[in-house]
Amino acid sequence: VDIPSGVYCDGINTDDTKVHADHVLSFQFPKAAFLMRENADFIKSWTAKDIGLHQQGIEKTQADKYLTEEAEIKSWIAPRGRFSHKGTYGHLLVMAGSKGKVGAAQLTLKAALKSGAGLLTAYVPTCAYEIIQLAVPEAMCLTDRHNEVLTDFPDFTAYKTIAIGPGIGTGAQTSKMLELLLNQLNSPTVFDADALNILSKNKGLLKAIPANSILTPHPKEFERLAGKSDNTPDQWEKLKAFSIKYQVITVLKGAYTAVADSAGNIYFNNTGNPGMATGGSGDVLTGVVAGLLVSGYAPIQAARMGVYIHGLAGDLAAAEIGTMSLSASDIVNYLGKAFLTLAH
Amino acid sequence: VDIPSGVYCDGINTDDTKVHADHVLSFQFPKAAFLMRENADFIKSWTAKDIGLHQQGIEKTQADKYLTEEAEIKSWIAPRGRFSHKGTYGHLLVMAGSKGKVGAAQLTLKAALKSGAGLLTAYVPTCAYEIIQLAVPEAMCLTDRHNEVLTDFPDFTAYKTIAIGPGIGTGAQTSKMLELLLNQLNSPTVFDADALNILSKNKGLLKAIPANSILTPHPKEFERLAGKSDNTPDQWEKLKAFSIKYQVITVLKGAYTAVADSAGNIYFNNTGNPGMATGGSGDVLTGVVAGLLVSGYAPIQAARMGVYIHGLAGDLAAAEIGTMSLSASDIVNYLGKAFLTLAH
Amino acid sequence: VDIPSGVYCDGINTDDTKVHADHVLSFQFPKAAFLMRENADFIKSWTAKDIGLHQQGIEKTQADKYLTEEAEIKSWIAPRGRFSHKGTYGHLLVMAGSKGKVGAAQLTLKAALKSGAGLLTAYVPTCAYEIIQLAVPEAMCLTDRHNEVLTDFPDFTAYKTIAIGPGIGTGAQTSKMLELLLNQLNSPTVFDADALNILSKNKGLLKAIPANSILTPHPKEFERLAGKSDNTPDQWEKLKAFSIKYQVITVLKGAYTAVADSAGNIYFNNTGNPGMATGGSGDVLTGVVAGLLVSGYAPIQAARMGVYIHGLAGDLAAAEIGTMSLSASDIVNYLGKAFLTLAH
Amino acid sequence: VDIPSGVYCDGINTDDTKVHADHVLSFQFPKAAFLMRENADFIKSWTAKDIGLHQQGIEKTQADKYLTEEAEIKSWIAPRGRFSHKGTYGHLLVMAGSKGKVGAAQLTLKAALKSGAGLLTAYVPTCAYEIIQLAVPEAMCLTDRHNEVLTDFPDFTAYKTIAIGPGIGTGAQTSKMLELLLNQLNSPTVFDADALNILSKNKGLLKAIPANSILTPHPKEFERLAGKSDNTPDQWEKLKAFSIKYQVITVLKGAYTAVADSAGNIYFNNTGNPGMATGGSGDVLTGVVAGLLVSGYAPIQAARMGVYIHGLAGDLAAAEIGTMSLSASDIVNYLGKAFLTLAH
């Protein structure tokens, strides 16, 4: 009850005398400790029970860490207007893929299509042309002059939002392209995967990222961006500092994905399952977040809601397919059901 | 009840003192005002209640605007004859696609296949060859000599019906091709998307459109064809005038898609939902209308029934997939269920 | 009751005084007249009621026309032996496709895969290579040296059965190839579509067809093979004569597909529906018949059972998809259910 | 009851006076004789009934042949840890395919993806590039410099596990490549199909196989590896000897697939059905075994569990699709359900 003896609420206790709890019943809210990988052995599972703390008291209490709840996500969802049209939901440009990693582009595009984007254009290397046109007939497809990697970008004034990164590699020409692109970008953009790796190698570019852009690193990618962490609390501090410094929204992917906003608040996510630890899962998240962003959600909503829906789709898929067989395409296929769950 | 105070039945009232109704219960028939985007805020939803007006009285009342009802669509459906064969249902030629927009061709072909066409041939640029053969194995595929755009057309005496436009672009060679084609066409044809945009740039060509052809513009495309409208009633007047002038059937796509016949009647459609505001939705409609036309329905039936079925398929899809995740391919996948709903 | 007044049992009555029956209740067996397209208006539907005729009497009565019944098809189905392996079910070679008609090859291959073939190899023009490998991963793929048409054939000693024809065209090189192939074939082979059209243009080749081969013409193709018929009874006589003359099994496709064996018996089929009047439906039938033949069924069983199963799959599909939206791929997708229906 | 009179428990009795039993009810355990193809006619089916033999007695009895039971497989399954990530489940390299046999690569990759692999890379000839990227978007794809066959291998230090063989052919360049690869391999690897055929032609290479590698021959392939067997007991002896000699796990595929470990124990499998006697079924098994191995299961567990799950997926598929229509892709599609059956 509350927290296992010997486990700290907010920090890491290296003392080995901690109680190993099969299940922790906590009061009102989960403790931060519950979400740390270091405590996995001491807290096998947990639930938080509402003990009737006064709502005003809760709101007055200063906090910078939150657990996203379904009710909040639901409250954001605006039904589509009867007279809306495909232009209402924005035109998304997805820059993704390189020779051998064209699947990443497919997954991002399919996920964006299933997450509200009105219009969708892919920008890919020449070698991806037929693949993309077949895999995502709803998307238009522009090709770079290079067969294998992205070396250029299209006139992007026609697009409301850009998502860039899945499967692009970190080659010299692609890095140069990203640098030039950053000079011109001026609205929130979604950066993932190799786009983040390029930024890690050229940290000077980080300042050029448009405010309220969304970055979606996994822990290794985040380490390259922000340095090595000693432990989870330290990693969260770095996440906070990084997001404030560059005025971006950073989505640190993991068991309890942490979404930090540019004010330093961290929103943890509790949907999803370890069956989603499979190649391409992150490319799908990029598409979901970008689809929400282009269709009109605010960047922080797109990020938090995208993470929530992505995990929920994975949970719905796992219930029918199991965690062993869950693939990234399955997550895409369950996005519809996940959104339906939240509809009102 | 009836109509919110301050809202006109048939026109636009710019006075801001109108009542905002959550729901309007109307007598016998909906008012035209209910279908206008300008009134979206005053009439959130509506139902029309049969108050027992005398049928003869209804029929004697002159009207040029109708709301399509399921019963009428159902009454048109003729069960297929036991001894009919694939030739009975006609051979459709779909001219669609250009480099980067081959998905449009796929969607139109798949929709036509699911809407009654007996035989199906695609005419596409060379770059689309493998894509079309893989995506639609039931269709035969002819290729233009040009890799990226359509520059020519095949001997079309073998085809009962042609649908042209989705994804073809508006380039010089394609425009020239359309001009030459129009000189030879002499039976009702379906024109969509870039075919309409080419016609808008060369309005002299409009006279060459075969009588009872079906044009399926969205509002922007219609504006290019017929000029800018001040408001919805004005747009409907333009729709009527355009259809009479060129003796065509014009399908003005939108929330309440308006199908105008060459006598100036307008038939509004009440199936469909804003989840269909997504890229490729219109390409699917073109395929549905063309499939119905080639399989033997009269042009006005093909247009009205196509619009109805397309919306119904979207509604059936949305019930299982939700509006956020609804894609054009989903509409295709639910066409079978939609047709089954109407079977008798 | 029995037969509408004025309609002949076995022949065509051009007298216009016949009764138009909505439904005919017949005794013990349907009359041949029920299956003739000329009587479609007089016999809208029919059922045959067992009136207890003596089984011995029935068997003694000489007849050369039969209606295939489910019980007979079921009685042929042998459960697969526990220790059987893929070699037990034979290796089928499908020679199909040409530029623009590669879909025909896909449909035949997919249907054969779903109809019992142990191993499957496609022989297609070069342009079909990637398409076939993607569409049917279970099949191996050999390519002709020609990009667009078949000009040669592989060493076929490795294959138990060959199916040839869907989508191959009737070009000079393909015709020559078929001629050379016929010189070497010595076991029952399935001929369809353009293979039949080539034979029609070179009737001298018909003698080279291996005994008990299966030909699957639609009425137009049969007319090219055997000459124009005055009416349905005349067509059936030609079907009988042709099958006896060339010692083949001829499947004349239509509403009540007629399978004639080399002794002149005709077996009519009563599964299927007019939704199957759609491009590619015949390619699927070729695959089903070839799959059954290669997996060990006798040629006449493969033909009759293939026709029955193909129609049954179409009926199961139509129940969920409707006749308007039924496509050839749908028939393939319901083959499993159809076979399950017959399992015991 | 027990065993049909005249049938030996463990050997082959060529005496023809054996009883033909429709069903055998055996005590506690099935006899080895039940699993031999030579006894198929005498033992049409069987069940083993627990007669309460003392558990300690059972365990003390020396045996080298076991029938795998669901309870044992289930006991191996470890739920995925909450904080695990895609790296936790390993990166698998699949070396497969050649011109015309690219389907084999697809099937192996898809199966591995559905069997727990965290990350997946395909190494294929150039001609397979687009096919693989489209068929398995979750996999990365590296291409050999040769268009049609594998002639080289990538730096494999990045991969935890390699599976090699499906569809690679036995050409000179591929054989040479395998020889060079074997010189460098030092962890358990999965060898199938043509990789085994190459080894059969160069038996000296067998010694280079890393200990605890898994070989998955069908009976013909095993004969090439280990020589012709007189009968099933002799084949089992060869299987045992081969596995001990080369310190590998050998999966002899068939009705009761026999998995021999390097200590000479044989584990028989009782899932699966003769509908799985279809091209590509073995490629799927390779993927399942490799997926389990890379995701952390011990080699003998990966082999036995893979065989069990593969058969179970086939059984679940057959229940809905039937044995006639069961294809290798169907087995892949039911892997999720099969794993769910075993989840706890």
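By letter and in written order, the chains are A, B, C and D; residue numbering begins at 1 in each of them.
Note that contacts are C-beta pairs under 8 Å (C-beta built on N, C-alpha and C of every residue); 3 or more make two chains touch, one makes a residue touch a chain.
All values derive from a computational prediction rather than experimental measurement.
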Determine the set of chains touching chain C that also touch chain D.
none
Magnitude of the superposing rotation for chain A and chain B (Cα, nearest 5°):
90
Copies chain A, chain D: same or different interface, half of numbers shared as the threshold?
different
Please indicate which chain is farthest from chain B, where distance is taken between mean Cα coordinates of the chains.
D
With centres defined as the mean C-alpha position, give me the chain B-chain C separation in Å.
38
Per the C-alpha centroid definition, the whole-Å distance linking chain A and chain C comes out as 54
Shared-contact residues (touching 2 or more other chains) in chain C:
130, 134
Can you name the residues of chain D that touch chain A in the complex?
79-86, 88-89, 113-120, 129-130, 133-134, 136-143, 295, 335-337, 339-340, 343
Would you mind writing out the residues of chain D in touch with chain C in their complex?
37, 40, 100-104, 106-107, 127-128, 130-131, 134-135, 218-219, 254-255, 273-275, 277-281, 320-329
